[in-house]
Structure formats: structure tokens, C-alpha cells
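So that you can tell them apart, the chains are marked A, B, C, D, E and F in the order they are listed, and the count of residues begins at 1 in each.
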Amino acid sequence: MFSVTVRDHMMIAHSLRGEVFGPAQRLHGATYVVDATFRRASLDADSIVVDLGAAAEQLHAVLAELSYRNLDDEADFAGVNTSTEVLAQTVADRLAEKASAGALGETARGLDSLTVTLHESHIASASYERPL
Amino acid sequence: MFSVTVRDHMMIAHSLRGEVFGPAQRLHGATYVVDATFRRASLDADSIVVDLGAAAEQLHAVLAELSYRNLDDEADFAGVNTSTEVLAQTVADRLAEKASAGALGETARGLDSLTVTLHESHIASASYERPL
Amino acid sequence: MFSVTVRDHMMIAHSLRGEVFGPAQRLHGATYVVDATFRRASLDADSIVVDLGAAAEQLHAVLAELSYRNLDDEADFAGVNTSTEVLAQTVADRLAEKASAGALGETARGLDSLTVTLHESHIASASYERPL
Amino acid sequence: MFSVTVRDHMMIAHSLRGEVFGPAQRLHGATYVVDATFRRASLDADSIVVDLGAAAEQLHAVLAELSYRNLDDEADFAGVNTSTEVLAQTVADRLAEKASAGALGETARGLDSLTVTLHESHIASASYERPL
Amino acid sequence: MFSVTVRDHMMIAHSLRGEVFGPAQRLHGATYVVDATFRRASLDADSIVVDLGAAAEQLHAVLAELSYRNLDDEADFAGVNTSTEVLAQTVADRLAEKASAGALGETARGLDSLTVTLHESHIASASYERPL
Amino acid sequence: MFSVTVRDHMMIAHSLRGEVFGPAQRLHGATYVVDATFRRASLDADSIVVDLGAAAEQLHAVLAELSYRNLDDEADFAGVNTSTEVLAQTVADRLAEKASAGALGETARGLDSLTVTLHESHIASASYERPL
């Protein structure tokens, strides 16, 4: 099995609902350093998993729709707890949509799965893995 | 599949038995930077894998029982070669006990698996993965 | 010259004023991974620069006053552009106050200078250095 | 499941064929920071996955055959696009040969699988995983 | 004293002249992860050291002139040993030219000094510091 | 001003004397990831600060004399508190002796200063800087 990973980041404000979140129930924010890992069983005709430039560009586009925003005010997240886990899933699902729309190139349709990891500090991260 | 990872560290002395360990057969020591990764297929009612604060607290408690000690003198490791692999398993098993005792909260009973990674330097690490 | 560095982090929301900040003029947020470096020419009677435990504790206390907050609503920052540079200075000045109040121990009065670095992502950071 | 990872690096020149590579079609180069991860279900008689010293030595030997070279001139890569993915597979396959030849010790024959990851920058990497 | 640092990278091929370089006398290559640190005694009117976006853009422009090239064939380096140290100085000098030409904005003329660090692997780097 | 940095590590056991060290008064241990930074105002005839291979080799030799040992039993440290700061100074002084004995090559006599940093975990480090 092959994989490639690209890294970018986003900076957002939000608050979380639920006693389990303690002080993070207040409006605060985070930088998420984001790793997107694409996997496939065999390489394409160019001997790669996916066009790294296209993958970086699409990841950047997905993060740009979230970054420099207060997620509490975004319609897409109305009624949603924007935990790191939920945001990892959001980024992964949006990347998957782009892949299936052809934004990563035709051969990217051969991808098997995708993992998105959000590093929220030097001591904590969350991931979501899904098939493609 | 979702996961979250928390990081902490411990500092121990020990010696290893077996020619394969070369100079590490002498009494020496290590800092282990420890990553604990918890996995589950779907999120709990708070939209998280596990209470990150509780996970960090329990990891810290497990490491505090080992840290600032000479493992060669600990009854728990009598007759045991405290390789990085064995210590990764020890930390994972103790975290699993805490999870099953409810220390990570009731919803943590929905966790699927746990991986503990011990980074012993900038060039070497060991991991142990087990079901929960 | 000797130095010691301790690391911790904080998570805040804020907005920045000035065209130079582009989209960061909107309410957003950041995780700052914070390094505090203490320097002195010669070691104290315990052969250290500063009590590492006390330094970590005081850094944590300073960051706890800022973390999980929207800095736009904090009286301390009324009329202040909370750039990464300004926040580095704020953390450094508050640590310096604690040092001069004795919170780092009596021998910490022999410290020469302090640098605080805030890493806002994997590709950007800001620092402030001051005498003690 | 247990694993251990060792890290080393290599520095090579090469060019890539195919429009997808853009400016990387020109002769350029890369440092690859290489992680080799060995896995097995249970530990050997010394309570380890593999002799870490032997694993580091064999990884170094494999990388030394590639490093400080222009891969475009190497007979082994004639007609091959030396993408990061292909190089990850090359390193993994050569390590696997060494393992099956006994270079990691007799007990290393109990290894289950191997993953080789090449980090080509702070924002991109590629991996190849195979059974042993 | 304040500073800000931005990070980017470049990938080049080259060979080095002199017995001291051993196997690096052969044509090979490197990824340099590049940190550019800008310093000034007091902040500008926007409470920053320099426009981070402009600094990142100019660093990227300087690196783009070097990246994906064989430096042995570049007229700018004819008769020059392109050691990591020399490349750090080259990047710093070109950034300094851009700063003095106003590419970092008018207030960037208040900058005091610049350090450029090139990380060539996980175990080696070189830096060059100069006044602005 | 130019500098180059090389990284290696050592693993030791020790105990510390003084109430300030809390649980670290017990016999425990540490991995120190060690950075040695060499500085000079202008480059030598080979366009480098120091022979990187020789610097790495000498750093390794200095660390090998300390590693895989219980420093409490070493005659060199009798009556000495082997704090991270003291060990940073020890490594720096021993490297300086090697440099002045010619082990880094004749041109290394032009070096200005040396900083040794010991990273004892992901959240703490200590440094010592001295002239050469």
C-alpha cells in the first residue's frame, strides 16, 4: 500500500457545547496544522499516488473556506459541535468531494482512502479516516 | 474511523538483559515522549472520541507511576526486560484498565482500540496497539 | 552563558486591526505553542538556571489568564492590536513580573534575560526578548 | 501489534518525467528523511521487535547505496520515474531482502510487515507498506 | 528586541568541490527547509515586526529562483562552492535587497537584522545573520 | 555571522541533589537530544564554517563517553550535580578541547563560539554558550 501526505494549516475561532469541554466552552480559537494522507494499492501511470501539487492546492482551498472565521457564525456548522474530530471529518469529506469531482486529476479516482489529521497543539491531535 | 492523540513524557533509569542490547546492558536511562492514540468508529454524544482532558490526566497518572524511577528496582518489572516495546505495552495496558474502570468517562466504553508510542530519541520509537 | 527553555501552549480568539492583516481582520483564533527561555551567566547553588518546575508552573499560570478567551473582549487588550509579537511581549512581561515578585525562587533574581517565542503554525512564529 | 521505527536520511539528485511534475521535471534534488517501521504480533525472546542497532545499520546501508548520487545516472533506475513513492518502495524492498537474508538477525524472520516513509520537506511525505 | 520567523523550502541539485566534502563531491541534491527571521527593536504602527504575508511571499520568490535547479549550471554560482552556508547567505542577501527595495513595505525599513537558516536534514543546518 | 548545527543524542541515568529537583532526586534517567552549534564571522577556504562530518564525529565521540552510563558512578562527576545545564557545559567544554586539539581540522581554529543545547523532553531544554 502506498500513501502520500501533504500539510497545511488553518486558524479559526469557535466555542464548544458540553460540560466535558470545560473552559473551551468559552469563545476561543485554534491553529490546526492539517495533514491529509491519500492511499492507494498501486501507483498511477506517472508512478505517483496523486498529483502532490493538486492535492496541496485542493487542501488549501478546503482550509481557506474555514480559516480566519468564527465557526460559531457559519451556517454550515449551525447546531454542530465543531470539535477537532468533527473538523477533521469535515475537511476529509470536502476533500473527498473534490477528488470525486475530478479536482485531483482523473487517475486520482483510483485512490482507496484518505486520512485527515488536525494537530491542535504540540500535545494533541485528532484524525478521521474514510474510503474514497 | 476517528482517533485522538495526547502526548506526555516520562524519565526513567533501567538496564537491559541480552547481548543484542550492547552498551544498553549497563545501567542508563531514557526520556520517553509518549503518544496515546484512542480510536472509535463513531463519535459520542459530545462529538468527540474521548474527553481529551481526562485522557491527558489518565496518561499522566500512568506515566507518574513509572517516571523518576530505576525500573530495575521496581517489583512490577522483576524478571522483565523493560525494552521500549515492553514499556509501550505496559502503558497501553494500564490505560486500558483505567478506561474499562470508567476513568475516561462512561462514553469511553465505546472506544475500539488504543496505540501507545514511546519516542526514545529523535531517531527511534516503539509502539503497541491493542483493542479496548 | 546558560539558558533553559520550557514549552506550553494557549488557545485564543481575536481579530486584528489594519489592512496589512488581510483576512485576519475577521474574528478568528490561534493556538500558540509558547517557549520561554531564561538566561544567566553562571548557575545558582543548585547548578541550574532556574527551577524548571517553577518556571513551567508560572508560564502555565500566565497562559491560563489568556487561554480559552476572546482577546477582543479582554479589558487588558482594549485598544491593543493583539498581534503575535504583542502577545509574546505580554507573556514575557508577565513572566518578568512573577520573577521579580519571587515566584521563580530567590536565586532566580540572578537571571539576566528572558525570550518568549509564540509558534502560531508550522511555518510562522514571533519572539520578544527582554532583560530581567 | 508491536512496531519499532528507526530514522535516517539520504540526499540525491534526480529529474522526473511527466507534465504532472511541473518544474520537478528539471534536474533538481532532495533530502529524504527516512523512517522504517517494522511490525510483529509478539515480541522475540529478547522482548523486542527487532535489534534496533541492526535495523539502523541496515537502513543506513540501503540509503548509502542511493545517497550522494544522481539517480538519473543509476542503472537500477533506468526507465524508472524516481518519485518519492517509488523510492519508498525501493528502500522497503531492499530492507526486506536484507531481513530475509538474515541481516536483522534470526528472530527478525518473525516480522510481519514493514513501512518506509520518506519525508521530502516539512509539508510532504510518501510511504510504502509491505508484508515481510 | 522583537523577531518574526517564516518557513518555506527549496529542492536543488549540486556538487561540492573540496576533499572535505567526501561523497558530496558527486552530483547529488538537497531539500532545504528555510527559516527567515526578521528582527527590530520596536514594533511598527500596526504592532508587528513585518507584514508576515509579504515576508512569506518574498521568501517564496527568492527560493523559487533557486528551486528545482542544478546549481552547478546556474551562472550566479559559477566558481562558487554552494555549501549550505553559502546558500544561507545568498537567500539572506537577496531578501535584504528586496527589503531595501520596499518589497516588505515601507515600515520594514525599520528592520535591524535578518537570519536565514537552512535545515538540510533532521540532523544538520546552517545559518547566516546580517544587518538590514 | 555564520553557524552550523549538528544533532546527536545520549541516554544516561543519574540522580540530582537538592530539594528543588523534587522526584528527580531519585535515580532516574534521560535521553538528551543534543545540538552543537559552531559560529564564525567568515567562512574558511572551502566555504564552510566547519567540516560537518568531523563535527558530527567529534560530537558523537563526546556523547559516547557519557552515554549508556549511570553518571552517579562516574569519577568525572563526583560531587557534581549533573543537571541538564551542567551536562550542556560538559559537552561544550569537551568539544572545545577537541577543536583546540585540531580534531575539527586546522581551519576550525577560526571558530568564534559554540553553543550546546540538550533537549530533555518535548517541553524542556538547556543550553550553554562559550567562546572558542
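Here is the rule we go by: contacts are C-beta pairs under 8 Å (C-beta built on N, C-alpha and C of every residue); 3 or more make two chains touch, one makes a residue touch a chain.
All of these numbers come straight from a predicted model, not from anything done at the bench.
Chain pair C-F has a twin interface among B-F, E-F or D-E; that twin, with over half of the contact pairs alike by residue number, is E-F.
Rounded to a multiple of 5, the C-alpha superposition of subunit E onto subunit F involves a rotation of 120 degrees.
Comparing the contact residues of subunit C and subunit E by number shows a mostly separate set, under half of all numbers used being common to the two copies. If you average the CA atoms of subunit A and of subunit C, the two centres end up 30 Å from each other.
Our note on geometry: subunit A versus subunit E, Cα centroid distance of 31 Å, whole angstroms.
Contacts with at least two other chains are made by residues 7, 122-123 of subunit E. By the touch rule above, subunit F contacts subunit E in their complex via residues 1-8, 43, 46-49, 51-53, 56, 105. The touching residues of subunit E, counted against subunit F in their complex, run 18, 20-22, 80-81, 83-86, 88-89, 122-129.
Looking at the complex, you find that subunit E touches subunit D at residues 7, 9, 11-14, 23-24, 26-33, 67-70, 120-123.
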